[in-house]
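The data blocks that follow each hold one structure.
First subunit A sits with subunit B, and in the next complex the same chain sits with subunit C.
Take a look at the complex of A and B:
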């Protein structure tokens, strides 16, 4: 090598793990991604519930009793918040993923998102009603 | 020709993301109500046992559980990468295996519920 290259490019340091603490936008992104932990754990809990249901009335009663433990209540509250955040961000993104064109114009984002929010509310109410929660 | 398995893992992720967006919060609300001592009628043993014994309901539950677990697994895989864990093949194998195992277990428990 005839000449040493003296150029010193600026390399911006990025923390390997906690980079998302640097900006609120990154933190909202991570909050959205962390929702998968709660949705996944909750679904696995449902699988355990099916196991207890298959084992008979006593096992099912034990499962219902376990749902009332303080840890289960706290988990449910976090899971509810994170899963709702997933729903909100998912429907907010829907018009970007599925733009609807009518003639020469695109349907406004808020119309597509709004229709999904309304559908979400309707589905939730119907499930609550069918399950006899009212 | 370049081949990619991306559509295969991404399809159920998108379907599961949509399904969980519509359904998971209200399901959580149902079991939260049960935990708070206001269990919805459907969660009584006899009612739920009869409900889950229907063939269509069994199929529906397996689909909901598979798509929910798969989309969570896919997102967890991407999140691991974002957090600097770059052993993607290992992570992907683990999270998808848990999703499939959970689905198979759910199907096995449901098959034990014969119509009364």
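Take a look at the complex of A and C:
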């Protein structure tokens, strides 16, 4: 009779929390995900602004004054930096998700991510135009 | 040819005697052009014949010798010792159970690969006498990159999602499903969608992108998964907004 083969595979546990500390690429990924918290917070702030606007001129003036406080300025700088990081890292990934094939060749990555930047600029211009900046 | 001594710290696990794995240190006199696999072969042949690991082709084609080298999923046959100045830590591929030493249990991956039907399911069966299923170079180009997968499982070892949620179908299996879905001769997409468009399919992926960073064949599995997400989303909207298209 053949020798009995025993199997006892060893399972190495993966940390459920803080797994992203294991490698810099996981940290970069978490930084991208974390940036959305600032975008969410900024959106909430805009909603509060709308509410103040609906409440009348005094409430609106108070909201504008609060935006000028040092804390609000620091928050805006962080929100700007994180939303730029969020957008740039995502735009860099768009050629992976949306390859465009024309005949035998794929459109260059920079053209696809460039088109996203162009779209971003265009939408920003429209928003500025609606806001009466021009 | 210049020689130098390299220290390797190799994870050892013998299921018959060990309760848990431990590291064992080996000193190897190696040549400039040696890869990690050469050092392991040298250890097995001259120092310690009990060391177990998988390998076959020694030329980055068979996909057998995937292991963690200094914490990074690598093919041992493609990883030069000269690129590592200090002690080199060699472990079995992460996220897979350890069978013995550097040998992992890969049943989970094989089962997942089978589920996605990674083979041609012809749009229309035709007799051999009717000739080949023909394809233009442009149609080939559409999926060629995804044919380069060698099933080495480095992407599974890199994927944090797979490490935490082992039910996730994973990068290579979904990329290979996508490879056949993109093939103009194939008609099996609806069958594969059952697996890859499910929650445990592509929707467990959060696009960390680690799979593409470690892929030794530049398959770019992360790209395949995002493309599957977009196509599956389009499917959903078409099914819900244009029900008359449903057959």
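As a convention for this text, the second predicted complex is superposed on the first by the 105 of 134 C-alpha atoms of A that agree within 3 Å, B and C clash if a C-alpha of one lies under 4 Å from a C-alpha of the other, contacts with A are read in each partner's own complex, and residues count from 1 in each chain.
Assume contacts are C-beta pairs under 8 Å (C-beta built on N, C-alpha and C of every residue); 3 or more make two chains touch, one makes a residue touch a chain.
The structure presented is a predicted model; accordingly, all values stated were derived computationally and were not measured.
J.: Where does A:16 make contact in the superposed view: on subunit B (first), on subunit C (second), on both, or on neither?
T.: Both: A:16 reaches subunit B and subunit C.
J.: With both structures placed on chain A, which of the two partners, subunit B or subunit C, ends up touching more residues of subunit A?
T.: B
J.: Touching A:133, do we find subunit B (first), subunit C (second), both, or neither?
T.: A:133 contacts subunit B only, not subunit C.
J.: Touch check for A:98: first (subunit B), second (subunit C), both, or neither?
T.: second
J.: Name the contact category of A:61: first (subunit B only), second (subunit C only), both, or neither.
T.: In the superposition, A:61 touches subunit B alone.
J.: Is A:6 touching the first partner subunit B, the second partner subunit C, both, or neither of them?
T.: second
J.: Quick check on the superposed pair: does A:25 touch subunit B, subunit C, both, or neither? Answer first, second, both or neither.
T.: After superposing on A, A:25 lies in contact with subunit C but is clear of subunit B.
J.: Based on the superposed arrangement, let me know which partner A:43 touches: subunit B (first), subunit C (second), both, or neither?
T.: A:43 sits against subunit B, while subunit C stays out of touch.
J.: Same subunit A residues contacting subunit B and subunit C, which ones?
T.: 16, 20, 33
J.: Which stretch or stretches of subunit B touch subunit A in the complex?
T.: Of all residues in subunit B, those touching subunit A are 17-18, 20-43, 45, 48-49, 52, 61, 65, 68-69, 71-76, 78-79, 82-84, 102, 105-106, 109-110, 112-113.
J.: Mind listing the subunit A positions that touch subunit B in their complex?
T.: 16-17, 20, 30, 33-37, 39-40, 42-47, 49-51, 53-54, 57, 60-61, 64, 67-69, 72-73, 76-77, 79-80, 83-84, 86-87, 90-91, 116, 119-120, 123-124, 127-128, 130-133
J.: What residues on subunit A touch subunit C, complex-wise?
T.: Going through subunit A, the ones touching subunit C are 6-12, 14, 16, 19-20, 22-23, 25-26, 29, 33, 93, 96-99, 101, 103-106.
J.: Would you mind writing out the residues of subunit C in touch with subunit A in their complex?
T.: So the residues of subunit C in touch with subunit A come to 13, 15-16, 18, 20-21, 71, 94-95, 97-99, 105, 137-138, 141-142, 160, 163-164, 206-210, 212-213, 220, 222-223, 226-227, 229-230.
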